[in-house]
């Protein structure tokens, strides 16, 4: 049970990813597939972000320790914690996963655009975007 | 004093969210496109306004307040325009209002029905 | 470049040259065939000089390339190879003579391709004869396979293509699945594949691995047609007679048994062969092959099929000779290789001559045919005697040595099989000649389908090899001595 | 390496920057190609860029030969803070391979494209081609797990579109490309997941740093599952057996240039990354190699047999070659999963050999397809006489594929079986033998069709491919023979890679 | 781990995650493509909120802009083009995926059991490199937003790759949709949207604001959330809005497709060019400390950036700014290219406001 609490984020993200994967493989509709793919990729991003969260941390944008918001943040934490894990008096969350995920999101939208454009061309060439119908058309072609 | 600010601001934000929620209910429950648009846009603008004012009060008078003001202006500019466009599209797509009687010019009643119906079918 | 290298290059180059020339002047048959004969003669001279040099003790060597560590592409002559080379080149010359007569006599189509592949096959054979290591041998072995494929499918009809598929499938399949892993195994144990007198593999090789390698290599050389890998040989009978002669006497099958001899002599060496139980297993398989093949041959009415099955049996003699722990076996095997080649090519040329002249292929129809062509059938008789092993033919010596060696090494089963098959061969060879020559003249005797009967060149070729059968009877001692370096023990000591 | 010292002169300043130039050059070239006005200009840009990349990668190879491993810290930040390029012998080998194939492909594209791609698209097409080149080169050079993902995507996204462009010739390219996109993206996302777990367990993305911390970490579910996801994800790109579904369609549908480039490089770079993770990042003898031996090796064996059989029963030439690619990848992975120096170097050697032979084969098909739109084996009847040179090059590639002696393919199979014997894995030897036999069957079918059959009645007569196509084709085929006669260069490279990886045990 | 600090945000986190799960389930459930697409947009917005809770401001910004914005637009455009019927669901084809998903999910659960618990500041992920970025940035880079510092400087090579990926996507879409019979639009018979007075006025008002805001986001990037990518997408919204309101024909007349593609390539050139300049000045690729030649560097008065000890940060600042500009160019023009591709395929009625 404790595991479910301490790892709740990861488990929830797993559920999300698997939903995406399921949508991707369960449907024959090309656009629905792309939606599933996008869902899958976005959820993967959430995993990284969960990795980078630091309890009591704030966004990784430097604030001067003596500024009011720094004070407000520090007020919620005990000084030992801040002293141990803070950087110059402020606890930040881990910026690295954020950077990686920025890249991943971009890759995701790029994939989405290319995939959809191919799907459109498929519609023009085959008159359908249902995988099994496309297969049916292909089966009738010579050389198959 | 701080408590007062805290309570007032919080209350406004809460009221705003409540209004937006109502809007959501309206979108689901109202009979036809136009009333749904009405519910959505009106409550959105209203709710957004309340929330933004509340946040402004909470943040005190700083640079944040200015940004919030910009956001408010933006919402005020776009939401009604969007609602107008939506209604316009629905109308030109030949959706007849269920509530209130007004004439539709003959001939415009049925053109390009397809996409508009999809717009109507958005609500889950 | 030393003389030796020059000789090697010539021996390899002449067949290629012949092939190119054939291709170039294919339009003009006379020029084509004259040039080919010239190339054949020249090749004979070259191989003989190589033979002499190898005997004199300075074997020619040559290193072409080394694709990988422990993997050379090189040539080196040793007695067996030299002998094989001479045999192949001489018989090639004669066979070309014969095939000229045959092909012209039968007005065969696409003769240019035929002669080209013929020369290429000879290129392969020369490479095999002179290979300095297993890898080089393998390369030319495959060249030979590919070069003879179009010959087998010469007719081009469905049957021919089917036979060709069996031929290619069996040979290539065996070499890929068995032979190549065998070679690589040798290489990864010994670090190279070079043929070294006394055996490449160290004496202390683990018997299990040794057995595996021996079986891989022996059965990988499917050209030796040990049962169960003999199927391609009778199937290949669809080919025209000169091809059969080439396949069964000169090139392909001899390449197979030659490979086995080399593997036994230079890769494993007498000691290891003695130590390995696998050698005995191979001997049993060979014995079985000898008997079975002879029995089948007895049951065949088609002459070429009968000869083919007898070839299967005779090859098994040589394979078992290679497996005899008694080192003389090697010499005997080498000798039988030559003798059988000469005899068998004679038989096939006779068969071809008969076919060209009368169109008859079945033994039962040849009764009395000898009256019309006594020479051919006399030659057939002589060759048969040699194959059976009766004086005054060379076959006697080689069989004597073989049986002798197998007795000496206590391989009674092999000896018995050899004797039995000799008796059987009396049964399936002699009647052909006798019925043809001495049968009472009947109206059944076949007529000439070709005015003038046997074409001249073919007849000449057959006569030459027929003389060879008898000539080797006297030359046997010389060959045996020449091959002596193979085994540690001389002939005289082999008496039981 | 003497060959390189002989042919190669580069100012030291450039040599120092060579690793990044290999990757950045094609990136810049791609933008230039996209900006270039006409098809010819784009082609010239493409050729020049590829040549530059090859030059630089030769520089890198010589450097690696001298120093063993070359490191290049980007942005002047020492790893693990900054991204670093780390080129070991294997990476250098693959870079050399990819760049050479890239250059040949670029040359080849001069004429080949015009018959397959709408002229207006050439500029963008060349840009996409160069992006793929850059992606693959970056993939084999980077020393950072996430940066590898970025380059994986650079190459992939370019590739999807390039494959789809094949619809001009054959509309089946479109569904094939879509499949490829789905499979490929799922694979890449699995890779990201795996990297995420490794990052969560080690806190670093730099591969060297990661290996150090992994060795200290010991067994951990996150790490092991991470590796599983990484291998599975890359296995999709490498077309390891059950994950190869995208490959035949993609290779068959793509423009011939793309088929050439993909067959020669795409799967190879993915295999490289797998090897890198299993042997370099994960502790030697640890979970990585167990995983390889227990999971990957059987799959590879299955691929070697099953896909060869599929190839035998396939009707379309391109699809035959594609299935054979999957089978050959099986061979390669078998060698690698032996996890011995011999097996690994054999696998690398086979990898190079396969790249060259498949490149030649697909180029040959493309060259023949320029004059006659031959697709099925029947349509290939008699092409040997009508287009002798292309057919000859094709035949050389096929011979190398079948493992005919004195071609590189033979040496590859040789060293593979030798490695398996050393490792005492007899079942691998048996699999390889059977697989090679099956290979012979379909190769024999192709060659018989081309050389021993008369053209079908009413078939369009083919004629020889233009010079600009023939030259790279013959060079590609010639390489297979050259290295088959003297394999010192690839042999030493693969040997060095293997020792570098097995030796780099931490 | 600190109780007070975590509880509030943790509760919010759980609530939002459950919300996301619900939305995902709805996406899997619904048969209507349009519904699924809009739900995707909602999903992105919700996850953006969640990201803010996770202190990932930049990512939240990007997710909102991309997930809710661009993806939805592209998906809708594609749907408009393919005009699909309702999604057919076949239970037989749903079994195998279910099994697969359960298997992979189990493996994932096993994997996360090896990870440190959520929010643990001493977990390897947070303790090792991530922390040293926070410590080193003031020295090495000297800008407040550590994410931007890592993105553009420490891991600038990744960002270059990311830009190239976007560029590749643009190329891909252009190759697929940018050519062929329907690529050149005929003049629409009726001026689109002539009965949309309100829209046209609003658009005229908004477009300059959008561009202004885009540049604000760009330059604000190293102080707060924002940067070249987000700015690029926002900038791309201006022409897209223009096309939606005034018709694609008018927009392409103003900004030709070829020109847009050129700008995309230019952006990559700018980014890579910065790297090459650094190399030319004797540094490594993308080593902004060497962006300026030493002579120029010497001319910069120390302390101009407030901190006299790190005058080289000057180079970092400009390097980051320049590469962000490169990203902006590529991203915005690629987005417009994608929009052109999809809209250009369609019949005129895309031009009118919908």
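Labels A, B, C, D and E are assigned to the chains in the order they are written; within every chain, residues are numbered from 1.
Note that in this section contacts are C-beta pairs under 8 Å (C-beta built on N, C-alpha and C of every residue); 3 or more make two chains touch, one makes a residue touch a chain.
Remember, it's a predicted structure, so these values are computed and weren't measured experimentally.
Counting only chains that touch, the fewest steps needed to get from chain A to chain E is 1.
Shared contacts of chain A and chain B, meaning chains that touch the two of them, come down to E.
The chains that touch both chain B and chain C are none; no such chain exists. Chain centres computed from CA atoms place C at the largest separation from chain E. Per-pair tallies of C-beta contacts place A-E first. With centres defined by CA atoms alone, the chain at the far end from chain B is C. Computed centre separation for the pair chain B/chain E is 27 angstrom, with centres defined by C-alpha atoms. In whole angstrom, the spacing between the mean C-alpha positions of chain A and chain D is 30. Computed from the mean C-alpha positions, the centre of chain A lies at a distance of 73 Å from the centre of chain C. Chain C has no residue in contact with two or more other chains.
Looking at chain E, residues 108, 112-113, 115, 123, 125-126, 129-130, 133, 155, 158, 161-162, 165, 168-169, 172-173, 176 sit in touch with two or more other chains.
Shared interface positions of chain A, defined as residues touching 2 or more other chains, are 17, 21, 24, 51, 96-97, 100, 103, 107, 110-111, 114, 118-119, 121. Interface note: chains touch in the pairs A-D, A-E, B-E, C-D, D-E. Residue ranges on chain B touching chain E, taken from their complex, read 74, 77-78, 80-81, 84-85, 88-89, 92, 112, 114-115, 118-119, 121-122, 124. For chain E in complex with chain D, the residues that touch the partner chain are 107-108, 110-116, 123-130, 132-133, 136, 140, 153-158, 160-162, 164-165, 167-169, 171-176, 178-180, 261-262, 264-266, 268-269, 272-273, 275-276, 279, 283-290. Those residues of chain A that touch chain E in the shared complex are 3, 6-29, 31-32, 34-35, 38-39, 42-43, 45-46, 49-63, 76-78, 81, 84-85, 87, 91-103, 105-114, 116-121, 123, 129-130. Partner chain D is touched in their complex by these residues of chain C: 65-69, 71, 73, 135, 138-139, 142, 168, 172-173, 176-178, 180-181, 184-185, 187-188. Of all residues in chain D, only 146, 149-150, 153, 157, 160-161, 164, 167, 171-172, 174-175, 177-178, 181-182, 185-186, 188-189, 192-193, 196, 199-200, 205, 315-316, 375-376 touch chain A in the complex they form.
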